[in-house]
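Letters A, B, C, D, E and F mark the chains in the order given here, with residues in each chain numbered from 1 onward.
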């Protein structure tokens, strides 16, 4: 099974913030943004593995700048690493006010998906091959984030998370 | 400023999974669920502080059992801890097949919100007082989760996250 | 076939009033509220009989206080009486302004559902057993309301509606 | 203030039943239909009084034939009687399968609206003048239905509902 | 195969412009209107041929007057000509401000549909018989518009579009 | 006023076809696609002129290959020519089946927008400067398409449409 590049799974999504997407301050609701991010990331994962996928987990997301009614949401999604049957997708999100030519970072996130066969069982996915330094860094970090997911999901003991542990203990 | 109990901020939300909420396998999409959870959690936070709130961050969420088309989604949200101007909300999510009387855990999550004054600036919120052991445990864990959020958001160094560090170093 | 309690069919639904749910005065449209009430009531009926249900009729609904944009809608639904293959569901609806800690009654309603078997034919449902005075009162009134439904639907003559008739003739 | 004819307030609405409007049997949900009916009726009332209106009440609705996915919903709404500041709107609803050239009655209903001035206070509406026998019958029945609404809303005693009482006591 | 009249395929659709249908100026977005027009036209075509249809093309649409939030959209659709397996539908669209009793033309358009058999292959449709001068004019123009569609779609050479060519060359 | 390049106004939109976007054959409805195209094109025009825009017209669109439920819609929009206060946007639309790695052309279209000042009056826009042969061809064709729009909108006589006329008369 040949490997694929991150750029081959790129999905670019552009959405306009409409009234029903906003709270009383006229800003995009976090949940609505996570909905769009989930679709963009799922399409990216599906493009990588050429199979249907389901969302397995979402990493900590922090919302920086509010995106206003009438502004544009830009989402860029790419697979950052493929495991046996799952893929981590890295997302960058920007808001943009087209009238004032002002584009600003909203957040960055990692969604994880599992590829499914027609019987809805996990199926193997093709590996991801990083092509440059940025992709390599995301690829390496994926292991640490995976350990954090497993610990937070109660499926790994902190002691066994060697890569993650190294963040706290430097000797 | 008097404190409030977790039960005072309880929000119970029930949603029916409709065709447009599902993927090709007929299962609820993760993003649609996060959208509902964001609204339930925001209402809970707003009920606690009696002010409008905005989503600041969402902790790692892992999706266990798929929720099927026509099934019911139950979301229970309660504030687990209040900080100066922010609140952590704890959510429990179940799916239910009413025909087969089968109710199953879908996931558990933590959303954080900031209370805003009319000028959209953060405003102080009333403290939360845990009333029983479960609430105390959620209250205590909130500090550790907050440190994790700050580290993941690049706003705290791992070395300063004492409560979190203790998970990895036991001596 | 053992009977069930009203509390076993309770459904609590919480919805946030968004821009598209409102009229030009910024108040929740009646039709949007009836849509949510229909889903809450259907889930309650389905929870009672553990079978799919379809809406058979809706009793007179009168809308008291307008629910404003950004306010919360609380719907509580419980089966009030089960007939051979149909169930009457009683709903209470409140609006709430979380910022001002102000909760107000919006309306009360009765929806009736029929349980269906896999061939879409009406199927018998388990009886409802009232557990307290309030439930008994709703249970007793269900008969009168049913006669009114049958008369209004042209399926019963006023003369045969003994319970209902008693409202007008007291001797 | 000159009177208006029922035909001047006619609204004809046609909707296609899409997947998200249907239950698991592929039939239009009652609540979704009531949503469309509310909008059609509100437009009809607004056309009669040339002012914004709000839904005051909905009379008993009974759903006869299910309307299937892909079928068409036809709604015809006309004001049947105007009171001081409110209007009763009469609706006829049909389903239609265009492929099989099969059109069937779904239900009939009465919605009541109140006209509002810019300060959201009830304002007087122009009277309705029936033009033929059918319209006269709907006009006359409106008084009886109004009494029923007032009794069911707890605002009139059965003894005072003379027109309605006559249905039960014939001597 | 007997012919049908244009009036037999008439569809009247009425929609209320809600917040999510509008741009930042509070006017109906062109794309939302084209969505409603597509459904109205598809229902009209389907009513003519009593078969499912798919949109084949849409002719040049020009938007005259903006339709405002809270205004009403009226769409009237009728088949203007039937070809072997396709139908051209003519639409008229008006906006209406019910409060000010002001109705205004928004646009006029032509949508073309193909009738499909159960295997999704084009199937023959019944001819349309114009009943008056207006319908005859629309019927005649349909040929010219069809040539324009074929030229614009790269399926006909300008030289072969005799009816259309006559518009430019008068001798 | 300096000119801008076509690439500066590029908008890439990716959408997933959900159940409610499809007809009974499970294919994307034409109207839903035109809705997405309108938003993508409006964002592109707004990006070019840094002002709010409204849809002025849409040129003939012909739908080639149906896009199926669960497939992806890719829309690429770029300004092809700017006139005094209006802009023509060129769109390319593809469908993609990610599972089968099959991407197919759906259609190509031209939408025209007018830039508005805060008083909703047309305001001048910066010119577009073509950068390569393809862009030059689109730029040149824009004049011919504009004449066709004006003729079809009844605002120009065929005799005055010199560029368009040349298509029919070659001597």
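Here is the rule we use: a contact is a pair of C-beta atoms (placed from the backbone, for glycine too) under 8 Å apart; a residue touches a chain by one contact, two chains touch by 3 or more.
Source: prediction; values computed, not measured.
Q: Over the chains that touch one another, what is the least number of steps taking chain C to chain E?
A: Step count on the best path from chain C to chain E: 1.
Q: Quick check on chain B against chain C: do more than half of the interface residue numbers occur in both copies, making it same, or fewer, making it different?
A: Interface between chain B and chain C is built from largely the same residues.
Q: CA centre of chain A versus CA centre of chain D: separation in Å?
A: The computed centroid separation for chain A versus chain D comes out at 49 Å.
Q: What is the distance in Å between the mean C-alpha positions of chain A and chain F?
A: Centres of chain A and chain F (C-alpha means) sit 31 Å apart.
Q: Can you give the whole-Å distance between the Cα centres of chain E and chain F?
A: 20
Q: What residues in chain C touch two or more of the other chains?
A: 19-20, 23-24, 39, 42, 52, 70, in rising order.
Q: With touch defined as at the top, which chains are paired up in contact here?
A: Listed in label order, the chain pairs in contact are A-B, A-C, A-E, A-F, B-C, B-D, B-F, C-D, C-E, D-E, D-F, E-F.
Q: Would you pull the chain B residues touching chain D in the complex into a rising list?
A: Touching chain D from chain B are residues 18-20, 69-70.
Q: Quick check: in the complex, which residue numbers of chain D touch chain B?
A: Touch residues, chain D against chain B: 19-20, 22-24.
Q: If you look only at chain A, which of its residues touch chain F in the complex?
A: Interface residues on the chain A side: 11-16, 39-40, 42-43, 46-47, 50-52, 70, 72, 98-101.
Q: For chain B, which residues count as touching chain A in their complex?
A: The contact residues of chain B facing chain A are 23-25, 27, 29-32, 34-39, 42, 52, 54-63, 66, 111, 116, 120, 148-149, 152-153, 158-159, 161, 164-165, 167-169.
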